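Once you scroll down, you'll see the structures, which are given as structure tokens.
One chain, chain A, appears in both complexes that follow, with chain B as partner in the first and chain C in the second.
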Partner chain A sequence: MLLQFDYVKPKSIAETIGLLVQHGSSSAIKAGGTDLIVWMKKHLIKPEIVIDITGIAELSGVSFYPHKGLRIGANATINQVLANREVKRSFPAIYEACLSHSDRLIRNKATFVGNVTGGVPSADLVPSLCCYDAVVHIAGPDGERDVPILEFITGPRRTVLSKEELVTHIYVPHIEAQAAGCYVKLARRNALDLAQASVACVVVDKQNGKDFRISCGAVAPKPIRALEAEKYLKGTKTLDETAIRNAADKVTESVNPITDVRATREYRLDMIRELTIKALATCIEGLRGGRMS
Partner chain B sequence: MSEIKVNFILNGRATTYVGEPRTTLLRALRAHGVTSVKRGCEEGECGTCTVLVDGVPMKSCMMLLPEVEGKSVITSEGLVGSNGELHPIQKAFIEEGAIQCGFCTPGMIMSVYALLNENPDPSDEDIKEALSGNLCRCTGYVSIIRAVKKAAAMMRE
Partner chain C sequence: MKQTVTNSGVGKWVTRMYDAEKAAGTLKFVDDLEFGPSLLYAKAVRSAVPHGEIISIDKAEALKVSGVKEVIVGEDFPYRFGLYLKDRSPMAIKKVRYIGEPVALVVAESEEAAEEGALKVSVKYKELEAVFDPVKAATDNSVLVHPELGSYEHVDFITPQPGTNIANWFRVRRGDIDKAFKEADYIFEEAVTYPQIAHGFLEPHCCVCVQDPVSQEITIWTAGQSVFTTRDIIADALGLPLSKIRVIAPPIGGGFGGKAGMTIEALCLAAATHPNLKGRPIKLFISREEVMLSSWVRQGYVARIRMAVNKEGKILGIKNTFYFDTGISAEYGANPVRSAGYTSTGCYYIPNVWTDSYAVYTNKPFGGAYRGFGMPEFMSALEMAMDIVAHKMGMDPVEFRLKNLLKPGLPTCTGMPMHNHALETIVKKVAEGISINKEEPAKRNGWKRGKGIALAIKAPAMPADAASSATVEILGDGSVKVLAASMDMGQGVYTSFAQIASEELGIPIEKIKCYYPDTQSHPYDWQTVASRSCWSMGMALKLACEDARNQLIQLYSEYWQCDPSEITIEHGVVKCRKLGKAEPIDTKIQNGFKMPDGKYKGGPIIGRGHFVPPDVIYPDIETGQSPKSVVHFTVGAVGVDLEVDPHTGEIVVNKVVCGYDLGKAISPLNVRGQIEGGTVQGISAGIMEGMYYDDKGLLLTPSFTDYKIATIKDIPDEIQYFWEETPEEISPYGNRGVGEHSMISPAPAIGNALFNALKVRIHSYPFTRERVYKAIKQFDEKGNVDFWEYPFAREQDYKQAIKSWD
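Right after this comes the complex of A and B.
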């Protein structure tokens, strides 16, 4: 059973900030509530006041602006993101990450942004956002600020947000070149399972060569990009099996997984290597097949 | 802490529930005798508590009662006609032996109802994806998929 709390449903961002300033750390923001309700049931958090932001029109919607990119409002559910055709076409790694999340019913409630603000290391949507250099937009009593996704999450269930701030939307810049992307996740079953390890990969085909972006989930306290591996791949002339294998080794050197109920550290490292090989092969194949972005 | 009054439409009827904000929609419905909605895991995993909220299938254990203020909620009871006539989906589940203990059935039926509203002729893959959040521990899913196809055919007629 949940502990008792008061419930408010503000109508605007300004009203929400007012409530956050007034109630500080005794309050909690609720979007879809699929993390919040579970944490409250387990008494991991004990807010006295729950601020439901789902009635705020300013926070809704998924929109794509050509030459700019994708804007995902804080209230957009994961299924709403999946329903936007441009997501599948231009941001395949995000599309696949959304499809790997929970099940059809939970995705009707869980928000895209809530997955990021929770700061959970296994959050499925974060690695792809890291590959696309997404930016988190924050509003608070001192105005608005933008924080790159890699800096937004600072540790397990910790973010740069102060108690008086909320995220209004996430912005994903458009890639102005041919690109391929994918998200591969290891879990015990297809639907409804948290990742034991995951890899997002985006390869951009630029005039002066290919750009590689690799990010891993559930294997570090905060989001990471495998920069050494990315650099190695960019400098490699022939992208053969050996190059991919070498890159995968470098990716495992950049992560630092823990042993927990879902998997051991050693198993996670082995799996990151295999997932990276699969992800890179998929992207390179995708570019050959002309998967456009 | 406060008691709240929540006004919503339940199976086509204007309804007011009084409760606490911490009451989940699942618990509120069951406390008011809407017992087709089953309390399984209460952690969003099993789908036995599935209802439609403004036409969208949701797990009611993941929803606080005040969230349905002003919304329309449909449960398996709401699919039964005024003369007690079962809905084609409910009939098909019985006819195809897609029910054993029955605990998962009302939730399954609501997910199927949402699917067939959107897609009157779903493939096996469409059905599996739509039911990915509804677990059945008895039948295996073969007879359930058969029932969905039969219901779809009945509803297309």
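Right after this comes the complex of A and C.
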């Protein structure tokens, strides 16, 4: 049950920042509301004022700029991201992550950026963003700043965002080479569930060799890239089963899951290995099949 | 000769009633009803400790919240309620027994104020040692959940054991069990566990109660399955006459047993009967989290089954010990324990039986009625044990089952002769349907495929005197008003009733209306539970229709001056072919017929019918024996073809084939719905559902974030269903219950198919991905075929685990 709160719907970013400055930690920003309202109902947060940013035109939309990248506005719903053709073509790991998120109805309300700003370790969209080196664009009373996704989330439900700041959009740079990507997720059932463990993988076919990017979800307090595994793969000539297994072991070594009601630490460790093998095989197959970027 | 003709009678595929209103959203549920500005809202303050004495409850801060009218505590409403055993007070009095138990009720002018007030009530406890494991609770009396058990009132057929945590002990003693084990060639002992699970109905509990300050009459609007039982339990506890309590049940969004008996109504009444609040309607709507915590769930279950078998594969004896984890209340949960007990040889003839079935109190949310009522738990154990024994003896699991089948005429474990049924045919059809002995490759790369079968059986589990009555009024335009107080909670019982009325009255179904129950208008019915409505209420309704039809025919025969046998009712038109008469039913039926002598005769036609099972005798307390312990059994079988990913433990059910002998399908569309729905619910329970607690008794799965139920993406590609119709002797149309049965055996069929696929036997339900993976890993690393995770030890595992990054 919701407790009493005030509600305001600003028309601009500047007005929003003004409200944030005025109300600070007693305020909460609402876009899709699919996390916020649930957390408020459970009294996990008790804002005195809810600032609804859905009326701000500048924060809407998903746009792709050739040779530059993808801009996802703070109000863009996950379904809007899925509907953008360029996402499926150029950012398959993001596309698959979006599809694995909740269900069609919730995706129609939930925003892409909200999944990131929530800062939960199991957030489906974060590992793929890590693989594409996405950048979080922030506006605040002192101006604007860009923070790489890996630095944006600092711990479970914690981000670098101050109480006076607002994420305006996320920017995903375009990869100027052939690439393949995927997001594989394990949960307790096939839809509407949080990841027990997940792996995003992007393989870029550069002239000087393949570039591997691997990130995991729900197995560390903040976003990670499995750098040891990436380095190992880059230095490996033949990508056979053994190499993939070795890489999967290295990914497993780079994570640090906990036990909760969704899964034990031990299962998550084993599943990260399995999911990595699956993700790498999918990407390598994708590149062979000429899945273009 | 049959005197009615209709196209929408018994056995016809017709359109379901009330579906259009549900789809359009115009049907009003309790939460949709308007009560005006006098309505107050109640919100419970809940215990934060699993077991403790209440030192103090500080209401001062809550009462300061604007809009808060009253804070009520347990002592203000010191009544104990219960269907079979009065062990439950709506709020804790002096002592709390589980995390989530209501300790106070805040009543306010708005929902928000009630919520805020509830957050501001502060309660101090002196914590006591708690017990969560039912086997520990049953075998070691160091913690007593109900030290006062000896003083609680209960019905005769429940046997609580004061001074222990055993709320009910059901026994079967048949034949010579020691001799059976002495003479056996093989002895097998198996153990199986199942955690508590929740119904997951869509509509949370909601009720509105008001007491008239002058007449003291109470009116209750509730999302309930059982208006009369709710009324009777409340009247009994409060000492009020039945006529002073009116219970109205608008349409409900699913029940599955979770809204049977009396649930949250007493808590709401604590406010409605309060001297300062009397006269104002009070609304209590509980959230999903509160539903999970404080309305009953399916009991946790631990079974130990020993079987004595001879070389030929005949089971000579069975020794069962069942521990049902009933949480802090067995008021309803005492009865599934009986149900499992008096059916404790399943679908098999076993001459020597020794069963101890216990309801055990623990410091957890409480167990009660849930579709299947003790049988999904027990059959999950027995059908797995049957499979294990067959495999260990090198026998075909289907052959082994058929060899020991409870054939018609053979005695059940209570000594009642089994009635006619087609189980053998069903088992063979199911086995053939999944080609059980044909090894087929998995459809998915790297996966393993397996097939398994499990049998199902269940009797309506109810008191011997569970009665029904109905009235049928033929209205002035030939339409029909049916008052039969069963609850249509989605199972489609009003469609079935309309079909019965159509069949008996010769009136098309479009002209027949069944009304949602209200104790003020409807005649008595015990409860909508036990798969009993089409059978028990079916008997009453058929009699009521016959009564109305006879009245109508009698009047027409005098009106037309013909013999009653010459009159027919065809599609709503009354005919006498001999005289060439035909007219649609009109106002005469309500205002009276002008007879040839010029005088009026008749008046509104109201048919009435009532029924109580005529020949059931309670099983003997010491031995469980009775010439007829239950009204009938519905039997069936489920076959599962599945595959499993050994890398993750994920299960995909390719195909389910199931069949039940239901005597007669009154409403085939609804039978299909019940079979498919129950099958999906059974699969869901089998592969993902479970309520888990931490080492302090805190529920870790309080909402759908972590209590997972199968979605459409988790259900089988194909559910093949069929039914047999071996008629039941005492029954309106030969029909037996079928509502619950489809949920009983999908889970054990999956367990048996998993063994077939993996050669690993998982003894603990559900077969979650993690558990299946662990079982495979244990087999690969240590070669252990049997995998067992004691659910009540998980709390301890959880205590040791790394749970946080901090």
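Rule of thumb we're sticking to: the second predicted complex is superposed on the first by the 293 of 293 C-alpha atoms of A that agree within 3 Å, B and C clash if a C-alpha of one lies under 4 Å from a C-alpha of the other, contacts with A are read in each partner's own complex, and residues count from 1 in each chain.
In this section, contacts are C-beta pairs under 8 Å (C-beta built on N, C-alpha and C of every residue); 3 or more make two chains touch, one makes a residue touch a chain.
Note that the structure is predicted; figures quoted are calculated from it, not measured.
In the superposition on chain A, A:R213 makes contact with neither chain B nor chain C.
Legend: residue contacts after superposition of the two complexes on their common chain; A:H169 is shown touching neither chain B nor chain C.
By the touch criterion defined above, A:P221 reaches chain C but does not reach chain B. By the touch criterion stated above, A:D270 is placed in contact with chain C alone, chain B being left untouched. When the two complexes are overlaid on their common chain A, residue A:Y7 makes contact with chain B while staying clear of chain C. Judged by the touch definition given at the top, the superposed model places A:D52 against chain B, while chain C stays out of reach. In the superposed model, A:T259 makes contact with chain C only, not with chain B.
Touch criterion met: A:S102 reaches chain B, while chain C stays clear of it. With the contact threshold set out at the top, residues 1-4, 41, 103, 190-192 of chain A are in contact with chain B in one structure and with chain C in the other.
Taken in their complex, chain C has these residues touching chain A: 43, 111-112, 115-116, 119, 287, 289, 647-648, 688, 692, 700-701, 705-706, 708, 710-714, 768-770, 773-774, 777, 798, 801-805. Interface residues of chain B facing chain A in the complex, by the touch rule stated above, are 1-2, 4, 20-22, 24, 42-45, 47, 50, 56-59, 62-64, 66-67, 69, 111, 129-134. Within the complex formed with chain B, the residues of chain A that make contact are 1-7, 9, 30, 32-34, 37-38, 41, 50, 52, 54, 102-106, 108-109, 190-192. Within the complex formed with chain C, the chain A residues making contact are 1-4, 41-43, 103, 155-156, 186, 188-194, 196, 220-221, 256, 258-265, 267, 270-271, 274.
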